[in-house]
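Labels A, B and C are assigned to the chains in the order they are written; within every chain, residues are numbered from 1.
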Amino acid sequence: MTLLSLDNLTVRRGECPVVDHVSLSVHAGECVGLIGPNGAGKTTLLRAALGLEPFSGASSLASLSAAERARAAAFLPQARQIAWPMAVETLVALGRVPHLPRGSTPGAVDRAAIDDALHRLGLDGFRQRIATQLSGGEQGRVLIARALAQQTPLLLADEPIAGLDPAQQIATMQVFSGLAQEGRAVVVSLHDLGLAARHCTRLILMHQGRLVADGAPDDVLTADLMAQVFGISIWRQDSPLGPVLQPMGVL
Amino acid sequence: MAALASAAALLVAGSADAEAPTRVVSMNLCTDQLAMLLADEGQLLSVSHIAFDPLASPMVEEAAGYEKNHGQAEEIFAMRPDLVLAGVYSDPYTVGLLRRLGVDVVQFPLETDFDGIRANMLKMGEVLGQVDAAQRLVAQFDADLAALGPNGEERPSALLHYANNYTSGDKSLAHQILLAAGFANATTEAGITVAGSVPLERLVLLMPDLVISGQPYPGASRAEEVLDHPALRVLQQKQSGATLTDAEWVCGTPFVLRAVARLVDIRERM
Amino acid sequence: MLLRIWLLTTLVILFALSVLTGPAGLTLVDTVRALFLGQGEAATLVMREIRLPRAILGVMVGASLGLSGAAMQGYLRNPLAEPGLIGVSGSAALGAVIVLQTGLAAAWWLALPMAALGGALAAVMLILLLAGPRGSSLTLILAGIAISALAGAMTTLVLNLSPNPFAASEVVFWMMGSLSDRSFDHVWIALPFMIIGWVLLLSLGRPLDVLTLGEDAAATMGVETRRVRMVMVLGIAACVGAATAVAGAIGFVGLVVPHVLRPFVGARPSALLWASALGGAAMVLAADLAVRLILPDRDLKLGVLMAIIGAPFFLHLIYKTRGELR
């Protein structure tokens, strides 16, 4: 099942295209890693796909109404914003808002979704903690849990693991690949090529607004493409847990 | 009406003393009126600009025959007056400056009762060299006052109500006008004898038979909004007719008798 | 729920005290008989035409200002946002003063609240334009200073140009606000606009909750951000415009009340809307009561008391957020 399709999506800032004629589709069961250097257009692509940014071309999500879109895809923005000192549980519960008709209160289904999201991110003991008093990494996990509570077929996450400790990075990526295995789809932008190689079923490589490569991790993380796009040499070895990739030097 | 007719007659009849001032300037609304009533033709040069304002001055037509001044030392001095008439509350700097420039300034006290009016009329006659005219004006004033008839046994109460819930105390001309017209002043009867702001609640509790409101100025103000408060509207609906204080209430001149006459008329209809 | 009951109880007590307090020196029995049974002509007039509208206006104005403050803070995600401080009330006062002095207000009863609403609307839109959707503290406060100063100066100018000798001294009323000698006329003028404002702002509960996570997250959670902005702007303009038209600009209510109540509602903007409306009403009633008890013979301005309470709060908030201000 196709959960997102982009057709010649182009975003311009002035004359300069930031996202340049990108076409792709995301299907159920995929965990798609979006990689590319800073300024490659990853964030803009995600935002435009959701209709948060004016664009030309077509996006299947942007054409939906706001309410329909909120039930089709969840978005985890790069900036971690928690404006008010709210309890973790209350914040995660916000993820249920798109499913609650006006004036109704959360029911058993909603509580189950909230519990599930908290549990997946290891936040069971944090329910009553004030989110703004947590560390940056903990806040990041709270926001991921919020997006999970939305229980959409598709999750778009913009650098969700930046600033997390190694254990939490792995745990978070496992949550995402777990979602894919359950038949949902995730598009996650990230900079850790090793994590991308191990946890994603498919990688999309962007460079200067263009889609440079799209395919299985092994086909994308080639020495040639890494040198061409990132300007780095890369050391690679296979381990029982999957490939290990380490950028070694700037070319 | 009789008062004004006789005053006009007096105006023509007056004759000046030998050493009477010949270039007189008045810079106060009340001295304006007394001077216009008593001065010889040509003796009074200028009156204050307020005398031209129909809201404050009962002698707008007469004032048109004089030059207008704004109470500023420079413009008054330029008229080369040999006498300047001012009130005791005229700007002390202006008065002081004029005196230092060698101009004779005579200040008139505020009239707070009818005796004060008589005294000011006589004083004006004296400084203008129109003593006879002033005495005749006082005699006419007394005769006109007596002609308004005796007050009834029962004095209905009247409330003087100005902007900002201000009321006149018992040391005011307005209070005397009420008494002369056979009314009792509602606030002084209730023990509020000092002029000032009184909370609207307390004024309403007095339940006066008549509400006499301050005259509204053009433009709008919150201070005057209270004159039209619904609580007062209810009081006004019960009575034969609300009335306003106007130009005739402001200064101690024979014109106050017109205000008294109108009040007597209202009282007799009550 | 507990908070709501507590606030409502406080409100009822303060309302009763407000109606019972006044310079007329009526006894408790007199006031109750006059208010409910209409016994005693003078007392009835005092109770029904002077004290009752004053207390009702206190509730209306306070609820409007508290609600506006909570909504504005929720929308801009900034605890320093307050209609009074950033010039919205001042601009509403300017609108009101213009129609009063040109005589339009006397010619058409809707002119006064509409003009105040217009002034408030212009100020809110200007603030949003300058501060952007995320209302950073610095731009918010700087824009607020400029708008307040301009509105205050223009109000003073209009009042100075008035032919009415009392008008010039009433700058104080328009800048500080007062409920003295208000009547049911003012209640009826303000009420329709306030009800519209209340309905608009209270409908924003969920969007404001979601906006806690930022504009992007909110937009992908079903919030139509453009519609929310429009509803917020109109709601605040209606509330603040109507309140200012009848009671002058009363500052700090919308700052202090949400700030104090936020911890009690778990910082949820939706719950804070209701709480701030009730709390704002209670605060203005309490302040108006204090004004009458402290200096019964002078028309002490409500805004003066509010500033004495509110300014330290404001300074405290600036101190707390000064890292962000830099």
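As a working rule, a contact is a pair of C-beta atoms (placed from the backbone, for glycine too) under 8 Å apart; a residue touches a chain by one contact, two chains touch by 3 or more.
Here the structure is a predicted model, which means the values were calculated and not measured.
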- Message: Spelling it out: a chain qualifies if it touches chain B and also touches chain C; which chains qualify?
- Response: none
- Query: Of the other chains, whose C-alpha centre is the longest way from the centre of chain B?
  - Reply: A
- Query: Between chain A and chain C, what is the gap in Å from one C-alpha centre to the other?
  - Reply: 43
- Message: Need the CA-centroid distance for the pair chain A / chain B, whole Å please.
- Response: 85
- Note on the structure: Per the touch rule, the chain B residues reaching chain C in their complex are 163-165, 197, 199-202, 204-207, 217-226, 229-231, 234-235
- Hey, which residues of chain C end up touching chain A in the complex? 77, 206, 209-214, 216-217, 219-224, 262-263, 266-269
- Of chain A, residues touching chain C in the complex: 47, 50-52, 66-67, 69-71, 73-77, 79, 81-87, 90-91, 94-95, 97-98, 102, 143, 146, 150
- Note on the structure: Listed in rising order, chain C residues that touch chain B in their complex are 22-25, 41-43, 45-46, 49-51, 100-101, 103, 105-106, 162-167, 169-170, 173, 181, 183-185, 296-297, 299
